[in-house]
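Below, chain A partners chain B and then partners chain C, in two separate complexes.
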Partner chain A sequence: MTDTNSPSPSRRSLLGWGGAGLALGAAAAGGAVAMARTEDDTAPAAAGSAIAFHGPHQAGIATPVQDRLHFAAFDVTTDDREVFVQLLKDWTEAARRMTAGHPVGEGAYGGLAEAPPDDTGEALGLKPSRLTLTIGFGPSLFEKFDLADRRPEALVDLPKFAGDNLDKNRSGGDLCIQACADDPQVAVHAVRNLARIGFGKVVIKWSQLGFGKTSSTTPEAQTPRNLMGFKDGTRNIAGTETDRLEKFVWVDGKDGPSWMEGGSYLVARRIRMHIETWDRTSLQEQEDIFGRDKGEGAPVGKAKERDEPFLKAMKPDAHVRLAHPDSNHGATILRRGYSFTDGTDGLGRLDAGLFFLAFQRDVRKGFIPIQRSLATDALNEYIQHVGSALFAVPPGVRDKDDWWGRTLFSKEA
Partner chain B sequence: MRPVRSLHAASAIAVAAALAAITGCTEKSDAQDGDHVINVTATDDKCQVSKKEFPAGHVELAVENKGSKVTEVYVLFPDDRVVTERENIGPGTKQRVTAEVKAGDYQIACKPGMKGDGIRQAVKATGGKAVQRDPRLDKAVAAYRAYVQAQADETLPKAEAFAKAVQDGDLEAAKKAYAPSRIGWERTEPVAESFGDIDPKVDVREDGLEDGQDPATDWTGWHRLEKALWQDKKIGTREKDLAGLLIKDLKDWQNRVGKAEITPTSMANGAKELLDEVATGKVTGEEERYSHTDLVDFKANVEGAQKSYDLLKPVAKENDAALVTELDEQFAALDKLLDQYRPTPTSYDFTSYDKVGKADRKELSDAVNALAEPLSKLAAAVVK
Partner chain C sequence: MTDTNSPSPSRRSLLGWGGAGLALGAAAAGGAVAMARTEDDTAPAAAGSAIAFHGPHQAGIATPVQDRLHFAAFDVTTDDREVFVQLLKDWTEAARRMTAGHPVGEGAYGGLAEAPPDDTGEALGLKPSRLTLTIGFGPSLFEKFDLADRRPEALVDLPKFAGDNLDKNRSGGDLCIQACADDPQVAVHAVRNLARIGFGKVVIKWSQLGFGKTSSTTPEAQTPRNLMGFKDGTRNIAGTETDRLEKFVWVDGKDGPSWMEGGSYLVARRIRMHIETWDRTSLQEQEDIFGRDKGEGAPVGKAKERDEPFLKAMKPDAHVRLAHPDSNHGATILRRGYSFTDGTDGLGRLDAGLFFLAFQRDVRKGFIPIQRSLATDALNEYIQHVGSALFAVPPGVRDKDDWWGRTLFSKEA
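Here is the complex of A and B:
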């Protein structure tokens, strides 16, 4: 949480923001509308505030990482292109409202008594909580709606990596929604309402909750620890590093296809950690495996977390050494993963681990070479990749007339 | 049946009663001035109305809160029953509240601070523009009432055949007669459930018994016999008695079902409730956990929902053509899917549900969700 003196606006007080159109809609929807503004509404994204939905890139990538995640992969069930395009438009409108802290449609109460409310209501009274909603299109979508010739070359079918034990019920999907927020209920509300709007057109294939961020895209912030107790991905790309974002994250016009310009590619991997055996591992071995010390997170032989690592000082199979750009011809990804715990596995062990999310300009120059390099990672004894998906993340929604996926589905693009 | 018994009894009836004469709703559309618009100015100590007499029919309250407290505005019958209301009207904001009112005396109440009896204004709705239900809806209700009665009438002989097989001690014949004896009940379950007392006697599952009820003595009805036939594989004196009791209780249903309170809204919501039954009981295989005849109930639930929908369709189509297109499509898709689980499109000899794999169950569940979501909007399309 950021330290700020200005009171964070509640979802309700935010109803007054965003122009007359939105305010009117909210007034009709919400019944009581306190028009009060917070004292300082120009403050940068304070905890609880709203993140801009419109922009050249989708929010939820370079955005400072929020605390919680609800990620959902969907399969498309309609074979009617128009119906699907309308869904994308309806979703965009709902996302526009929810990220601003408004309920969807005509709200959660006050409407026709005989009809179920448009919004499910559990986010009423909660702050926008820096909610971002990010859409991605999976390879299988391009087998539908005559999209085959629009499938980006970079949207490959991920190869099988050493140690993969993928569950098809936790892998793939025609499209995905990544919902990140500082309040878990706000993230869950967003996915739930989008899924509801999607009934009859799409079905949820799998979903994942993440309870704690494991990455930071804010250089001044500490790298959060994963469930193994280590800081990992210290050299992550920061949201402010425009040059590295251009170089490693955003798809450039000359990369092709043109509809992906300003977009990115998202790799999602559900990585189960064998945390019980990890916890029985000696401190020395744990530190050797990562190539960092546990307390500070400093690379082997260094004092501070962000000191430049000297890779040769680490064991040849140390995680940092194998994952480092210098070991992978400069391959660099923007990590945005979350820790998860989905109860227990029936054998008295926590079903826990890392829901790894990484954005990159080209997965063939990002995740794939890095993951290949990790084939000999000493960490592999303690982890197993059990879910996998790749999505083409289209560019941002420019303005109120724009919609998710327009550049893919419009003829002129 | 429903696992949580205490909730169901009131649902259909309550909605029916609320809508019998009066429809209260709120709208966001801009007001057109006219006879039917009443300006209500609420302050901390006043509740001013622009007119005290207005024509019966559609009325619209244009409420402005000029006070410092959050307020509420009510339209009340003389006995304080609520015609329509709007809560949480913040200081400085405007709200619109609409209602359909018959000729008669009413009160408009503003409640600054949302407490107490409020500041009252007596008003009067006059003239002949009383609320009249679309005659097509009256026809739909009458046709549905006939359908519900016919389902009960057709069920009795089938249930008697089932009971006879049990009383004859014929295990195989009883098993065969079990699922068919339930079809008429499952098609019209929300109406039967509206009586409250019949469903717990004939269609309760063991886990649906209330605290303090002993399964050995208090558990009656179809599912108790289902367990005896499939799980225990024996018919004793108790089972024979219970078969007789089932017929007695079903006759009670047959006698009373024609008098159930049915409205267009309860029909529409009943259709949705049938899909809820499918979603929570049948798709999971919980309803018929011993006989695995869940798909028979599933089909019957969908048929009952389709009946209500077909009867309401002409009116719904006028109010929301897109919804009707969507519902036609989703009913057809679900029917097509269900047909894959029976030998012919008229047979009720469905695949045993324990033979339906996880992926196929998900496909069925997805199809139910695809239909139930738009079906939840049918009531609004009927009363609009």
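Here is the complex of A and C:
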């Protein structure tokens, strides 16, 4: 098999993604998944730095949290179910290649000069960087393609929460792609190439870059700090905690519907922080609000970050106290949020905060009760939720013949 | 000396930046630079990952390009020269600490509970990450503080170039801070804390995050790719090329004014790329436009990226040909640009491109002739300059008693 990282003009295929979707039209795109390709071609380009794409669950959930994020919500613009299904297959193949560190298509460059390159090229020569691509389906998708009766009960319309100030241009979406990688250029490249493959079928509704992870799913790691300078969510579910993953994250066969078995539900919330106000708050008040000390991250009265918190030692409106499972009938979520900074607003204030991402088996027993409990959170004076979305995250792609969403769209599933 | 990375409540100083600027007022801030501190306290927290702050030139110019950028342009809001000079001193001290991997102030956390923490905290526990902080002074600063007769001749008002579509909200600024680091959280933390120290004296006018470097100043390194998937500026000036730095980057004593000796001039241009259009362009056209092949980055007709280009083999409007020193009477600049992606515009297109940063001894012999030459660049169909700024970058801070801008503001200089 050719090394896709060296020029191989003779191997470039007319059926590559770029040529297919854009230069040759939808008919050719239909043949794209039939491209001859050996197993070697999708093997990791650099061992140890690629995350397996195939599995019972999608990667990017229990996977140790990567450093950077590019998240994109799409709206579907085609009303042709077959075209959309073909897109999901094309996306799957591209995701399979990119997560392994390969460019999209066989002839990313050095190939047929008359067609656009299959791959946009900015990740050529970069490592796989633990790229994961995770797809989710929003409630509005189920109003299309005769999917209404397949919408999961758990895929609710999120209620309005106290303090919400949601921008519809940063909320919702028929589907989403979460791209996480240790190199932001790899994550941005992935979203861009998926958007390109989807040209004329889907369009990006909104997107968000995250520059720093705020959660860890690795038990031994320190919890990273958010932009308020605090560790938060220190008892996050670790990717190795099979029991808690089964209990709180993965949809079970009896949860229904069957097509979601092995999947999860993703809540995305863009939480703007009033950074400048926060920075003028005394250390004592900051620590009271979180219910932790700022340096170590230990709960009030304790010495270490991971010490079991004594909730009654905290103020009644402390963040840790209100968010803790003991205050919410055991409600537990897997957090995977990222810090963002999107420049400066018209008043010279940083447009910065937390892009909150949480996975759970059922939002009605996860994010919703926790967020309701946080209605009295002392932190609310310093934050505002300005974007919101909920997605049903289907199970993983099992093997090279499987594709994203098959269990939803296949008649037999 | 205390380790500032462990809680040391007794050492927290009332004169720390946060307390000084915000809680205690300007009078206390005036005393902040007099804080007792030993040399140890500003030594790099982790050897090998901190860049020296002191030197004849500011770091962040010839320094090997770091992975990430946070760039902020400020406007001055105080009209009190002494207050502004004190701010420059306070900023210098904070920059000295942060580039060495220390938090701002002595008692960043664990300290006096009644005052805001000296440091916002989100970089606690992170490595210095080769952070550099580089200050520049814009033309408009010289309309203040009786500086008019000290404005360098070379600090011109940039002319309007063909195709410019400049947004005034992304252009200009009385001064700028370029923060580069291998960890974006470290760069963001630095700009945020400088903005915080400057509260009431300066305000951020605009800012830009860059997620991927597009230039290298390390001779052996591959040139990183821009978001068009191409290597560009491959014969960039390397940080080790003393001769070319002297000739093209550092202001000489006879260039004038004397306060700029050892400094440089920084051009910042926000260049939006029409990514989606570019991605639909054939490989041949892309390669013709740049004058390189996409895979290796070799000039037309050559085999390797660094092979000397034969300009006449390229189309007359090829980017490499028009930008090459041989087409511009030898004009040469040091490039330090970064790719940016700032979400999506209202049409679902990525707001992405190149945040171009170039340092030169004199823009009238550097950026201006090159950019004029690029008026006929074939690339212009796919890009648009939407932001622009020029700054005089003063010489380096020599030692712990020196401060940013001393040569400009001191009577004796």
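Just so it is clear, the second predicted complex is superposed on the first by the 364 of 413 C-alpha atoms of A that agree within 3 Å, B and C clash if a C-alpha of one lies under 4 Å from a C-alpha of the other, contacts with A are read in each partner's own complex, and residues count from 1 in each chain.
Note that in this section contacts are C-beta pairs under 8 Å (C-beta built on N, C-alpha and C of every residue); 3 or more make two chains touch, one makes a residue touch a chain.
Since the model is a prediction, treat every value here as computed from it, not as a measurement.
In the superposition on chain A, no contact is made by A:Ala148 with either chain B or chain C. When the two complexes are overlaid on their common chain A, residue A:Ala303 makes contact with neither chain B nor chain C.
In the overlay built on the shared chain, the residue A:Val203 is in contact with chain B and with chain C. Using the contact criterion defined above for the overlaid structures, shared-chain residue A:Glu106 touches chain B, although it does not reach chain C. In the superposed model, more residues of chain A are touched by C than by the other of chain B and chain C. Within the superposed three-chain model, A:Ser282 lies in touch with chain C and out of touch with chain B [touch as defined at top]. In the superposed pair of complexes, A:Ala115 makes contact with chain B and with chain C alike. Comparing which residues of chain A touch chain B with which touch chain C, the overlap comprises 110-116, 196, 199, 203. Residue ranges on chain A touching chain B, taken from their complex, read 25, 27-29, 31-35, 77, 106, 110-116, 196, 199-201, 203. Put simply, chain C touches chain A in their complex at residues 7, 18, 22-23, 68, 70, 72, 109-117, 119-125, 169, 183-185, 188, 192, 195-196, 199, 203-209, 211-212, 222, 225-230, 275-276, 279-284, 286-287, 293-296, 339, 341-344, 346-350, 352.
Partner chain A is touched in their complex by these residues of chain B: 15, 18-19, 24-26, 28, 70, 86-90, 92-95, 265, 268-269, 326, 330, 362, 366, 369-374, 376-377, 379-380, 382-384.
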